[in-house]
Amino acid sequence: MDTLLSGQLLFAALVSGSLYALVALGLNLVYGTLRLLNIAHGDLVMIGAYTAFWLFTLFAIPPLVSLVIAAALCALLGWAVYAGLFRRMLAKPDLAKRVEANSLILFYGISVILQNLAALAFTSSSRGYQYLDTVLTWQGVSMTGNRLLSLGVATTVCFGTLLFLRFHLFGWGLRAVIQRREAAQVVGVNMNRIQLATICGGFAVAGIAGVLVSMTEQITPFMGFPFTIVAFVVIIIGGLGNIGAGILAGFCLGLVETYGIALTSPGYRSILIYGLFVAVLLIRPEGIFTKAVRS
Amino acid sequence: MAFLDIKGVSKRFGGLMALNDVSLQVEQGEIFGLMGANGAGKTTLFSVIAGHVPPTAGEVIFDGTRLTGLSPSRICRRGLCRTFQIVRPFAGLTVAENLRVAALYGSARKLSETEIAQVVDDALEAVDLSDRRQLDAAQLTLSGQKRLEIARALATGAQLVMLDEVMAGLNPTEVSAMLDTLGRLRRERGLTFVIVEHVIGALMTLSDRILVLDHGERIAFGTPEEIGNHDRVAEVYFG
Amino acid sequence: MKNVSITLGLALAALGVAAPFTGSPYLMGIVFQLAMWIALAQSWSMLSATTGYLSLGHAVFYGVGAYVCVLLTGLIPFEFALIAAAAAAALFAALVGMPVLRVRGPYFVILTYGLSELVRHIVMRIESALGSFGRMLFDVPPIEVLLWWMVGLATLATLGAFVIRHSRFGAGLAAIREDEVAAETVGVPVARLKLLAFIASAAIPGAVGGLALLRTSYFEPAQAFDPVISFTIVTMALVGGTETVRGPILGALGFTLLSEFLWSSLPQLYMIVLGLTLITFILFVPRGLSGLVDSIKGAR
């Protein structure tokens, strides 16, 4: 019982919660504006992680710098996916008819390609590097520098994005698209620009999350999928397209997962996550936190 | 006993009372009109009768059996079918296939292949779509798709058909063709219709009796003539 | 076109029956794989091609079948174990079908995926709690026998898919694919038909999972429920074309041959080709190889 009340566990929950919130934020942005579920989202985390790993091991570039590079790389990928695939698909009426289910399969294809490209290029073996791993102790809680940094960056990016969406004109346009798609178009919001910017932004956020993950965990070409699932759980609980509630839900999931595992054993982690995933989809695919607002 | 007997039906959506204690009786072979402004509860009433939405209170009796609580597919097999205001064709199937599904599944008993072919032909002829039978439903014009909605309901072998704004969006020529079609179906097949219509002229011409709803409540009931002269209706409806 | 399809089907079936007489383990191995993918892709099409509910979790039925089969092998003759495997997969579909089939569109796709992964992790947990890290099977039937069984399943699945498409059942499923609400309104019992299609589409993959297990004579939950199986099924069926019964056969044929060239030497490259082909076909050839064949013939 003592361990459950310790600050140690709370710290662990916050670190993973902030990361989940961040990964889910990217997925939610893309879903909110394009209404497409990006099942390859976790693979962008993987790409971000490899970017940081190689930059650090080959050129000793610190992860804080890699953040920018990984974000740019993933944003570029977002542009390629949007311009190369989705504008094409949305332009064809017979494809646009079943665009949601089709796009899910399409994203799955992209996911398989990214994973196997990474496996081909970097082999399947897991990799890691040491960075800021000295232990700091504060109020009896031991923290490594990299975890503190991860918590700090993830929280900053999450709330920074939230503030940006609230106060910048682009954010207003974006929220208009999320809430009233057709109306936004009518009042002159440039859909194309917003969708492109959001997919790049959403992908970039995933890349940033990947850099953070690489500082504390082993990385492999197939590490992405669990992140996709976690992000789905988070945004389904928080409500698809609801950015603020999604961030809150990310932290909640971090708590549930950390304490759930502390009460049982790490072997139950996947069962817990997939169980939650199946449960929320069966109960309310449109989201749980948004229930009151919608009806 | 009335053919369709709606007893004190209410439907509440959250804080909104979409239908409040509505009762009405439809006799076999008549054309019964439903009038009311947008949001008056006409479509909700259709959804309750057809089994898409469970009522908060009240019950629906059709041809002596209670429909309330049955699924839409079972209600259809008992002989009551509806159309949709916003058409819902099986877009990827041909016109004939649309009707074939209705004939296969909608009738109370299992039909033979010859009977099905006959039902499909009859329904096509009734709405004048025989020459388009091989087209995909998606390729029909709006008027064509509205007629397909009716034909599909007919092909189920329904004795009572509820038509939700089948005239909306049609031009005057098409409206008058539709009026002819419905009148003929009633005469030749003894079908009963409940119709919701925004085209008031059409409703007045076609209906034997009309019920007027406003904010989910019944405010007037009578022959088209009586409704035309009704003070409250004039106030609510014609402004 | 019909004659061509029937000829193709008969030729494949004859190849399956005759392969063991060549005595070539290599040929038997390929034909076994081909029959397996045809059986899986056809079964998948019974639900997903007919109703448009795209399942990305058919590995779960394969895995359940394999698991049941490994538990029963040695206790009862393998023929009965295979039937039990099919029954278990069908039963599993019947149990989860009602709630799962209420979820539509893209949510259904990811739900089937998540469900398959959930079951995989549960089985992995059970196995490790039992202290088992992979189970070996002894005294498995010879490859010839397994091959005939697999060819039988592929034939059964193809006939099943054909019968469903041309029956009253299939007409109802097509109506569900086009518009569920309208289908219900004209008398189609939507929930029941969807559930029946789900069960029909689960049974044969259960037996296939059992057979594949007997072939490798080794059970490991992570492999038996491998999501790559689901992905391969979907890719084969979509690339082959979902509008006809010959589509999944063409898809299975193409990718089985491709995997012979690539899988053993460069498995990652095979997966990349699989992904690229899937994307290309969804975007540019939505009617699949089968539609492509039609339009080429039409153009002549």
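Should a chain be cited, it is by its letter among A, B and C, assigned in written order, with residues numbered from 1 in that chain.
Rule of thumb we're sticking to: a residue touches a chain if its C-beta (ideal position, glycine included) is under 8 Å from a C-beta of that chain, and two chains touch if they have at least 3 such contacts.
Note that the structure is predicted; figures quoted are calculated from it, not measured.
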Both-way neighbours, i.e. chains that touch subunit B and touch subunit A: C
Looking only at C-beta pair counts, which chain-chain interface has the most contacts? A-C
Farthest-lying chain, centroid of Cα atoms versus that of subunit A: B
Whole-Å distance, subunit A centre to subunit B centre, using C-alpha means? 49
Centroid distance [mean C-alpha coordinates] between subunit C and subunit A, Å: 32
Note: subunit C sits from subunit B at a C-alpha centroid distance in Å of 43
Among the residues of subunit C, which ones contact at least 2 other chains? none
Taking the complex as given, what residues does subunit C use to touch subunit A? 52, 54, 56, 99-100, 102-103, 105-111, 113-115, 117-118, 121-122, 125, 128, 231, 234-235, 238, 266, 268-269, 271-272, 274-276, 278-279, 282-283, 286
Of all residues in subunit C, those that touch subunit B in their complex: 168, 171-172, 174-175, 177-179, 181-191
Residues of subunit B touching subunit C in their complex? 50, 52, 71-74, 76-77, 81-82, 84, 88-93, 97, 100-102, 104-107, 152-153, 155-156
Given the complex with subunit C, which residues does subunit A contribute to the contact? 36-37, 39, 85, 88-89, 94-95, 98, 100-106, 108-113, 115-117, 119-120, 229, 232, 267-268, 270-271, 274-275, 277-278, 281-282, 285
